[in-house]
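Look at the two complexes coming up: subunit A is in both, with subunit B in one and subunit C in the other.
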Partner chain A sequence: MSQATQTSTRRDVLGTSALRPDGVAKVTGQFEFSSDLHAEHMLWGATLRSPHPYARIVNIDLSAAYKISGVEAIITAEDVPGKKTYGLISSDQPVFADQVVRYMGEPIAAVAADHPETCRRALAAIKVDYEILQPVTDAEVALLPNTMPMHPDGNLIRHQRIIAGDQNLQGEVIVEGVYEIGMQDQAFLGLEAALALPDPGGAGVEMWVATQWLHEDRKQIAACLGLPETKVRLTLGGVGGAFGAREDISLQVHCALLALRTSRPIKMQYGREESFFGHVHRHPAKIYIRHHATRTGVLQRIEAKMYFDGGAYASTSSAVLINGVTHIQGPYKCANATVDGYAVRTNNPPCGAMRGFGVVQACYAHESQMDKLAAACNLSPVEIRLINAMQTGDKLITGQVVESVAPVARCIRETDAIAMPAPLAKNADPLELVGGTGLTSLPENIVRGVGWGVSIKNLMYSESFDDFAVARCRLSDGVATLKYATVEVGQGFVVLAPQIARTILGVDEVVLDTVDTGIGSAGSTSASRQTWMSGGAVDGACRLVRQKLFEHVGAKFDIDPMRLVVEDTDIVDMIGDFRISVVEASTGVVIDETFEHHHRPTEELDADGQGNCHVAFAFVAHRAVVDVDVELGLVKVIQIATAQDVGRVLNPVAALGQIEGGIAQGLGLAIMEEIVLDNGKMRNPSFTDYLLPTALDAPKVVAVMIEEPEPQAPLGAKGIGEPPCISVTPAIAAAIRNATGKELPRVPIRPQDICL
Partner chain B sequence: MSVGNEIYSLTVNGEHHQVKDAWIGESLLYVLRERLGLPGAKGACEQGECGSCTVIIDGEAVCSCLVMAATAIDSEITTVESLAKKNGLTEVQDAFITEGGVQCGFCTPGLVVAIEHLLNKNPDPSELEIKEAISGNICRCTGYGRIFEAVTTAVATRKAARN
Partner chain C sequence: MSVVVPRTLTDALSAMAANPSALLLQGGTDLMVEINFNHRKPVDVIALRRVAELRAVKIDGKTISIGAGLPYQEMETGQIAQLVPALGQAARTVGSPQIRAAGSLGGNLGTCSPAGDGLPVLSALDAMINLRSASASRAVSIHEFMVGVKRNAKMPDEIIVSATMPIVRGWQGYAKVGVRNAMVISVASCCLVVDRAAGTVAVALGAVGPTVIRCRQAEQWLATKVDLKQTATIDAKLAAEFGQRVATEARPIDDHRSTADYRRHAVAKLSGRLLQRSGAQ
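Coming up: the complex of A and B.
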């Protein structure tokens, strides 16, 4: 046994690999995830869901279910006291289906009972009569004039075009393609779970929930309950991963309604199958695209038509669409563009946020095109990308000037400089071959391929949305206490925030207060934004406290506070020889400051897709090396080399963890992961049939972090969560193309796409 | 919930626990978490695919979601809760923290149990043996790189402690 190593020999300031404060609890099984919560006299809640993608509800008969001993309440659409619908951008999704179901898995009723098994039996006893309708499951078909709208808001969620420059330019070289991206699931491990405690008399409710954004949840829950927001108090329950899937409401309103109805605590948690139905997914997309270039490979114009299948309800589809159309040029200079994007309603499962948020789809198309262009111009994948690499000061097709640090060429060059993996040894262990433990591949059928992907990703929210973050810092007796509503989903804000406080204030001891709605919003843990936004808020609050501390010390010792600085754990006079430890200086005083960080304002796009709609951008390059069994269609990703524009590394181990984790998810989309839909019905809602990368599928990742501090960012650091998963998918696809010579216009690439 | 009035007992981490008023269909995972106050094993797939619920039963690493609790009455069950002693974490637990093997942490208890089990059987595993041993434990956050580092570090620390 070794000693717990939560103490460090050096100070855990910014730039060090400080250890997670939740690490010990997590490795010992003591960390309280929201699925671990209990309350006395608690009941279990469960949801009845539609087995049909599209149907009219003719009748719901609850009588048999109510006869089951242990069932305490059953609620349906008519029991929703407030707003009957919710949604992140437009409120178009019913709390419970009312008269019509629009996707397989749509909630119809919820029960509260004494045991999960009683819930299961009650759900089975609810009799629903449906009139089954013909689902519309193709986004392009849904937009045809003779297709009936399936929702009062119509089938078009949003259309956005981008018109830039010369609309008639024809390049000396023209390449085109039609690319498709399948529906990916976030597949966080910690299933949806919440515990709701009703206030006496139903005056309000207190909830512990695994979410990405407490304040947005509260707003939507309160509206549906018909309660003022102050009567709905949310505390973060431990979150087992999110990746976008917890940005929308799932079980929150149902759980709160059951608690108010029964006047008892309600615990709800989804099983894995229900989770597949209970949260939004990555949008499947179809992209028609044409690139015009000079004979020497200089990109001149992009034409694209992009269809994002939003499923039955809007969720964040309109924002995903904007990300898709505005990133379709990739990290490349391009003056002229004609782009039409459509976010469309179908009877497929609703789609919304997932890591990469619309840019994943665009990147698969533009990177596939860049390789076609390279081939047409007789250039290498690296050459075509370097020729066109965007720089700071370049104008995007939206007219927005890239003010962010934009080391695109450097990302490509530094990735290219990473050593290639050794060739497959003749005497390699069979487990190292494609197919691994299946022992299926013959070495003579294995072909190695190399492919490239480079991407641009916006950071924070766009189109005039002010996603601010609030943090509060209290300093007393050498201890800093931080309070914020920033959701920790695993990304590591829980370690970053104390690093910031130690750096700014010179304290060693930092206490993290409960994450709840008892302070202003921190915005969502999404869009690679929390290091920048909540990091900026914590930084700001700590700076205010430090200023007050300087004033206190200055008054006490008769020194101009302007002369004081924090040096390690001391306050020192820059001019004289005065020195006092921060612990001593703050003994007996209480300094408490709150700071609200806003990013610079952005604009909405106009009808031609022009406007400064994004805050900032981050860039990354990926090179994939794969082994392909061309007979069996099996792929093993051997190595991913990557150089990522991170601005500044604040915690090297945590940053590497984001990069490696994102790469694994991008690998999943490239060759493994897809929600299979058959006329609107989900065919693989389980971990047996939805394949996730395992330890045996993980490639060797060689990562370089490019540190060019971002002047706009409060800590100089860019968000790093999303870029790793974006261009790795097209890089792997390109490597498989390189090995097989096939076009492979669709991801995930399946064995039959390679070998048949 | 109508239940039988039979009482059965389980031996978990060396202690005998009586399970009463339980529905006989409850999985070992459910009973550990909901009845015995041992929430360290996590449920994430209910199909034995993800390994989050890994416990040791009679010396074998097992997905507790696939075991009926009532069938485990004659077995020795070990959960993640028993690993760390008063004097500190195990080398594996320690390495998970120092090497960045923990992000959201939901897969962590199952992985820690699976790796302890591996190293107790095979103190010096090859890279392939490590990958093989934990390929039944899905992690969605880390991409496994930091977890491999954690195992490598734990192997070295254990080796140093033996010498």
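Coming up: the complex of A and C.
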């Protein structure tokens, strides 16, 4: 670690705010996103989707569509040569609906034609006869014994209980609640898109695609195509955000199938409306929860029943559920627990990964409860959290001991120490007031509130999954070339990887090779894991190269390689006065090394929810200050103060970007972002009606990064992508409760929830 | 598909006469969205953006005429915002800067959605909508122009040229509820105009009925309670009762943006607050 922690004035090494190589291109509109992909003689692909949440397909008539000039192919379920289904954990989702559609928007057919408009006409000409069935859209109803299963796998995707300690303990103080979380969309800006090029004779396919995990996509695509994985080659197309929505397959298989069918390049891309139907969302959840504590506020036992609505197909629901149940205690010590969690199939749109992954739902419930407990014990929100704050060495309700650095109390104290914003000025600019441009509210209509949220989040994949990462480093003539399959979705690995190489190798020039399946997997860009996992792989590969370089220099100049170290851009002898620049030392040689980084193994949970199922944890505290127009139910978030356990800051600007972005996303869930469903039908699949925070809604963020290097992490740094969006939602909700006195058990909090 | 790009109103009207089924494109903020959503397939389009006459502003001391193609950004500040402050405020609530650089009153009137941000102002000011065809011109009251949800009285061969409204002495204002602080479609909106010379008040509501609603009963009731020719502080109780009366004239529905109950509640509060603001100045 010495190279990394030294105070360096060198440009763009670890610890500096090195600039993203793709930054200027992105802000000037020059960046090539997947939707900009193009190939000579390509055809366009498009998808026919079900307008019904639940229906039997009686007949599909393609004859009229085939008569349209320019239509080259139409494919349905019977044209899938390999496996008819796909899925991240269980393969339960049809490539095309086969006899039954289980959610509104489920793909039924795909068309290839010479122009997007021809595709649209062809889709309109496909005649599908449906027998409409009554959709099941409530997770609890779906589990009732008399509810018919809607899928051969049944309506229960997974049940997990956690039984810890005394099952009969009754606290001196008991608080309970029922909390609901609405369906949030990841709403990335760069829409789904891919380009597929068939190999001659249909022997294979090459694809450029915006995804989160190239190798997992390849595995699922190859299985559906009936091809060996080696015949499916994937290259990363430009990605404009992901947040979990690109973990599942969307258009990949359709695009590849059309390319193989037509022997022509196929371009597919979704518009915004189709995107809402084409990817999974955050699970809506309902959580019944009871906290037991002593009169002085010491948490003793948690009872919870948690229902996660997985929608029609499993996606990652079973893993989301595990995150939900294992994080329901929050970042607090608790010895006794009785938890039942259910991931359930319904006819709502499928739900899967989204930033926070099951912990967002749990956190909203446990933080709402902590405030109730504080009130019942006559403690402040800060006091109740400090009394119960977890620390390293504490045992979770799963029996797992927290070995990570766990500065929970410090996160709370440092957040508390951040100055509160100035009170609302009587002559404030109207745009600074609640209602913004709508001029709804004057200072006398506005009440200010303060609220807290603190969270614990697991890092990396859990339950015995070995999500390793591979990286390769080649050094020659003073230039390091890095090769990996790590997907850049906006998180910043494109800037971090060269920072690592510069720091370890003492080079200035770092070239990033194409991100593709021409190397081993890097795992998914999700679960706050790439800095740790792919960062560890790049770090490992660079260290192997450095060792080889030391050996080369040692042999050439007759110095024991053990005595050599990298100092800035030179190799120096720690004992003697030998010094040579890395550029000179590597001139004329080629050193090429590959490293595979694994995190420590984890275990599955047993029937009682016991087991060391998580790798590591990160913590964060949020304090929200909001202005509320109580009469109209309108909210403006004024300030978010936060102290986050980051391990070590590798790039301050990039870290702050993650924190501010996560807070905006958590704010969205608190007060505006929700996919509105009516009996399984999506009512607002557009940015006119699915509202994201704008610049006028984004609060001032005051962030403190707590640096206590994590011994387990290769660079000492914890993942920082997810924590910012988790506890900010309950913090904002608590602040609105503080301003209004209302219970507000559901997010997003709508105006009518406050004022009616 | 054909696109005609006339440079003068006369050319635009001849193009309309020649092809009354052609779609009129002004800022495109409604039409292009409908085309992108595949709700509409344009066959022939007459693009009005280059017709300078449609951006004209005429002021004669008593009235102001605003060209149907004048973008909202031109109304946010300057002379229009000074003479018709409620219109300036409504203009600021429209979409993003890009949308306000393109969107216009002509678009709001042509689409005639009850959520159109400019329409409550036109209603409260009893604006006249000036229509032209190749062979005739006419002026229609805004109240007769708006016929129903996305339906208006424009004939297929007519172009909306401008809206004329009086320059009123007295307070006026506009307020709109959306679920975020900018760039949001209206959940409920309200425009209130006090005419000190006539001693009357006008209140119009947006997004709480099939078209913009004028609350004539509440207006008349208020005129019996307050001498509107004078500036007077409005007490909270009176404002609240006025708001309640306004709300009874709303005809809101439940949809994915909000509920009827909330919309009714919101217009009660907005109109009461606007009335109080009118008395404070």
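Everything that follows uses one rule, which is that the second predicted complex is superposed on the first by the 743 of 756 C-alpha atoms of A that agree within 3 Å, B and C clash if a C-alpha of one lies under 4 Å from a C-alpha of the other, contacts with A are read in each partner's own complex, and residues count from 1 in each chain.
The rule is simple: contacts are C-beta pairs under 8 Å (C-beta built on N, C-alpha and C of every residue); 3 or more make two chains touch, one makes a residue touch a chain.
Predicted model only: the values in this text are computed from it and were never measured.
Which of subunit B and subunit C touches more residues of subunit A is settled by the count: it is B. Touch criterion met: A:L696 reaches subunit B and subunit C at once.
Applying the stated contact rule after C-alpha superposition, one finds that A:I663 touches subunit B and leaves subunit C untouched. Once chain A of one complex is fitted onto chain A of the other, the partner contacts of A:A362 are absent, as it touches neither subunit B nor subunit C. Legend: residue contacts after superposition of the two complexes on their common chain; A:G240 is shown touching subunit B, with no touch to subunit C.
Using the contact criterion defined above for the overlaid structures, shared-chain residue A:K26 touches subunit B, although it does not reach subunit C. Residue contacts after overlaying the shared chain place A:Q491 against subunit B, while subunit C stays out of touching range. By the document's definition of touching, both partners, subunit B and subunit C, reach A:G271.
Of the two partner chains placed around the shared chain by superposition, neither subunit B nor subunit C is touched by A:L396.
Shared-chain residue A:L189: touches subunit B; no touch with subunit C. On subunit A, the surface touched by subunit B in one complex and the surface touched by subunit C in the other have residues 271, 431, 437, 686, 688, 693-696 in common.
Residues of subunit A that touch subunit C in their complex: 120, 271, 273, 431, 434-440, 442, 445, 631-634, 636, 671-672, 676, 678, 683-684, 686, 688-689, 691, 693-697, 750-752, 755-756. Residues 1-2, 23, 25-26, 30, 33, 38-47, 49-50, 52, 79-81, 83-85, 87-94, 96-100, 102-109, 112, 128, 130-132, 134-148, 157, 161 of subunit B are the ones touching subunit A in the complex. On the subunit C side of its complex with subunit A, the touching residues are 33, 36-38, 89, 92-93, 173-185, 187, 189, 255-259, 261-262, 265-266, 269-270, 273, 277. Looking at the complex, you find that subunit A touches subunit B at residues 1-6, 17, 19-20, 22-33, 35-36, 69-70, 113-118, 186-191, 238-241, 243, 271-272, 429, 431-432, 437, 489-492, 653-654, 656-657, 660-665, 686-688, 692-696, 698, 701.
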